[in-house]
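Heads up, the thing below is written out as structure tokens.
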Amino acid sequence: MSESIVRYSSRSRARAIKSFLSNLLGHAGAQLGLLCLVFFLVLSAVPNILVGPLETVATATGDFLVPPSSQHLLGTDEVGRDVLNLVVHGARISLTIALLATVISLVVGTTVGITAGYYGGRVDVWLMRLTDFFFVMPSFVLALVITPVVLEVMGRGREILGFRPSLFVILVVIGITSWAFVARIVRSQTLSLKERTFIDRARVVGSSNLSIMVRHILPNLVPQIAANGALVVAGAIYVETSLSFLGLGDPLQPSWGTLLSLAQRAGAASTGAWWYLGAPGLCALAVSLSFVLVGNALDDTFNPRQRVIP
Amino acid sequence: MTNLSQDKASLLEVDGLSVEYRLKGVSLRAIDRVSFALQAGEAVGLVGESGSGKTTTAMAIAGLLSPNARVSGGQVRYRGNLLPIDNDAAMRPHRWTETSVVFQGAMNALNPVHRIIKQIAEPCILKLGMSRAEATARARELLELVGIPTDRGTAYPHELSGGMRQRVMIAMALACRPSIIIGDEPTTALDVITQAQILKLLGKLRSQLNLALILITHDLSVVAESCDRVMIMYAGRIVEDGTVAEIFAKPKHPYTRLLIESIPNPASGIRIIRPIPGDPPNLMNRPSGCAFHPRCPSATGVCTTEVPSLEKFGWGRVACHLHRSSQEGRVAVHA
Amino acid sequence: MAGNAQEGRTSRIGNVLIRAAITLSMVATLNFVLFRVIPGDPAALLLGGARMSVSAERIEAQRQNWGLDRPLFPDQILDYLSATLHGDLGYSFKFRGRLVSDLIWERLPATIALVGLAQLIAMLCGVMLGLYAGWRRGGAVDRIAMGASLALYSTPSFWLAMVLVVIFSTALGWFPGYGIYSPGASIGSTDKILDYLRHLALPVAAVALGLIGQYVVVARAAMSDVVTEDYMVTARAKGLTNGQMLMRHAFRNAMLPLVTLITLNLGYVVAGAITVEAVFAWPGIGGLTVEALNARDYPVLQGIFLLLGVSIVAANLLADLAYGILDPRIRQ
């Protein structure tokens, strides 16, 4: 990372942010990705206004498995619910799970990474062993065995913070199993930042360790965390969709993965009900791809690489 | 003393060479109308601050400009023939057989996954059509020539010290018996003793093999010991050109003078080069007139408005308004 | 110097082994802990859960056998580890009293066939395409391959599988979209193999396509890093042709990081394979996982977790060793 990020005057920071944004928006991929994300964020912000409340078996209005028509733009499912209605509400659920899981993962990963890098020694060794475990064991595999057990212990009854228990468990489990990648990057950045003079200066002035980590090191890690955060969201969507598809989701708050699971059980693929399985899948694909594109563009902007041969 | 006259056919003639880089839509002129000639067997130093365009000049001559570079003017002649320096494929036969390059040793210029003997032998096989056995024998010879025990040939680059790696680079550069070797900061990042050894080796090989040498460095003292002639670059232009003796004794250009004064004096025990005051020029926003005027202690009004051209002055050349008016008189005297 | 190199090498392998051991013991510990927190009597659970009527004596015997009457630490965990090492993973809940290890063993070949074939195809196509795209970065092949790969990479494999079924099975009828053999297919052995391959086609395509997307992305990134390296300038300065630069200098250096990156993508392979098997009712580990999840068959689930953990650790070990052989900087 260049020295240029380590600046404190608010004006130079504002200028840096401005030039960064113009660089980022120069990427066609980032433009496309951001546009798509804004679209889905709007969908998930006001699903009720756009398509009315989530339809249930009781409130379903259509016939069974009807192809798209002017009445049901994306057709209906096997109990007559409007697929458009389900998909828009699914956006809210899928995005919320993925974003909250990412927040957890970034918080854990950054904390572990900074602590390990800053303190070094035994703290570093043990934290990195822990990180190694989560680095090697895929989030999906861990979630596959942890989620059902935690659900069994907690019971599937009441909601937690507005989530059905299974969704809450899934998002927490994804969050606490997908931070290793972030921790490693943050740690190596912290190690190199620690050698910089401004950290010594802060130490001489008598800042506490915590305040050095939060006020001096953390701000310089933001670029790395942001670029990787976008990739963590994409991963979280993938894992959530896969787990829900295997039946770990909740039919009362159907995410895109849960809808695909319902479609599979209803035999949508073998009966050729392409609209039923197509809509949620394309949405998951679009959102995940958008995050990947934005993440790649962020990475390109922060680490420009110059090709040396034609 | 080296003959600077252009009438005798030179080995290499660079004439008004300009190169621009394009980055994100903006283009930046890295070197501007660079002209000089190089005779067979001559050693020329190319000296300037980092960013002054030394590497760009070297890479342009060798036809190795990066993909975002464009030759925007001028030409390069080798033994009287025009070199297609902006045509990658057309330059290929010329590379390494006529001109080879020794890159900075600290850089990752050797391939980390191949043994050094293989890397030295490679151009012999691919460019000279030698058999593998012949090429290996040649590589052994070259290792010996640069002072590496031949049994170290099976080593990988990371197993060698910086000085040894640089010797490998030199051995590799000699593989196809070129006429010109360009050393781009070949001794930067080496300790003082190793630096002296490498320079001595280059000097020895040069006289032994009648090589022409272009030695690029930001350290004028390196040039003092190993070159006949030196060219000083500033902001992409040559600002002074002359024999080493002349330049050290009587620098004409204020920048050259400051460079010489900034050389640490070993007697005083200070080894750190004192930088010249002021900021290096921003090529995106080049100062008007003489690019050096914001830092020049002798700048006058005309310096901020008029670009001084590089003109013959005595035995060498200089681009500075201070030496302009008197220059006509001198030329007249000589003529 | 040679002594140092030798030492460095031993300590590297030692480190790799320690990491593997720590990971495995954490997998085992997680299994142990999870099993104890499930409500219900562990002894009864081990014998097939509340859904089976088991005599009190048998439960008692199991309790003794597994040391479930003794303290959790260290007795029980040691017993558990020893039982696990002997391949005793308990009994399934769903498949009345069958050994978990037997169930897994039966299902393994189908998964190995599916995943192995998909990996092979994906590595050949994906890595080559990705390396080429990175070499000719910005070219037509790069743009198309990269666009398609990012899309494939972002697509859940099971959804890809469903789409393939809709198109190639339901609409076109070219391939079967379900199971491993056609019911009532002829008995001739060539016919049977052909039938098997036809059933394998769509699942393999679904898993492989997802992986190809993944591998193109990582191989391209690896090659993109190589083409910014100084030794590539040296190769060019030596007058090598583009093909010689690619084959002699870029290829091997680009392969180095791929060894690790491909192993780290195992999670993706596993997620892909398990969900794709679910789509096709493929009778492998993925199918078993879905059945176990639906029936909350914890012993089976944990057995699968153990199997995946061991495979992942083994793959990482192999990658570490392979890397050591490919990269002289580590080998020495």
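Quick notes on this structure:
A, B and C are the chain letters, set down in written order, and residue numbers restart from 1 in every chain.
By definition in this document, a contact is a pair of C-beta atoms (placed from the backbone, for glycine too) under 8 Å apart; a residue touches a chain by one contact, two chains touch by 3 or more.
Small disclaimer: the values here were computed from a predicted structure and weren't measured.
Viewed as a network of touching protein chains, the structure reduces to a complete graph with every chain in contact with every other.
In this structure, the chain pairs B-C and A-B differ in their number of contacting C-beta pairs, and the larger number is found at B-C. One simple way to say how far apart two chains are is to compare their mean CA positions; for subunit A and subunit C this gives 23 Å. Remark: subunit A and subunit B have CA centroids separated by 51 Å (rounded to whole angstrom). Under the contact definition stated at the top, the residues of subunit C that touch 2 or more other chains are 229-230, 233, 235-236. Each of residues 306-309 in subunit A touches at least two other chains.
The touching residues of subunit A, counted against subunit C in their complex, run 129, 132-133, 135-142, 144-146, 148-149, 152-153, 234, 238-239, 241-242, 245-248, 257, 260, 263-264, 268-272, 274, 277-278, 281, 284-285, 288-289, 292-293, 296, 305-309.
Chain contact summary for the complex, subunit B toward subunit C: residues 62, 64, 92-97, 100-101, 103, 107-113, 122-123, 126-127, 156, 158-159, 172. Against subunit A, the residues of subunit B that register as touching in their complex are 24, 66-68, 88.
Subunit C makes touch with subunit A in their complex at residues 19, 22-23, 26-27, 30-31, 34, 37-39, 137, 150-151, 153-156, 158-159, 162-163, 165-166, 169-171, 177-178, 224-225, 227-230, 232-233, 235-236, 245, 264, 266-268, 270-271, 274-275, 278-279, 289-290, 293-294, 296, 298, 301-302, 304-305, 308-309, 312-313, 316. Considering their complex, residues 229-231, 233-241, 244, 248-249, 252-253, 256, 326-329, 332 of subunit C touch subunit B.
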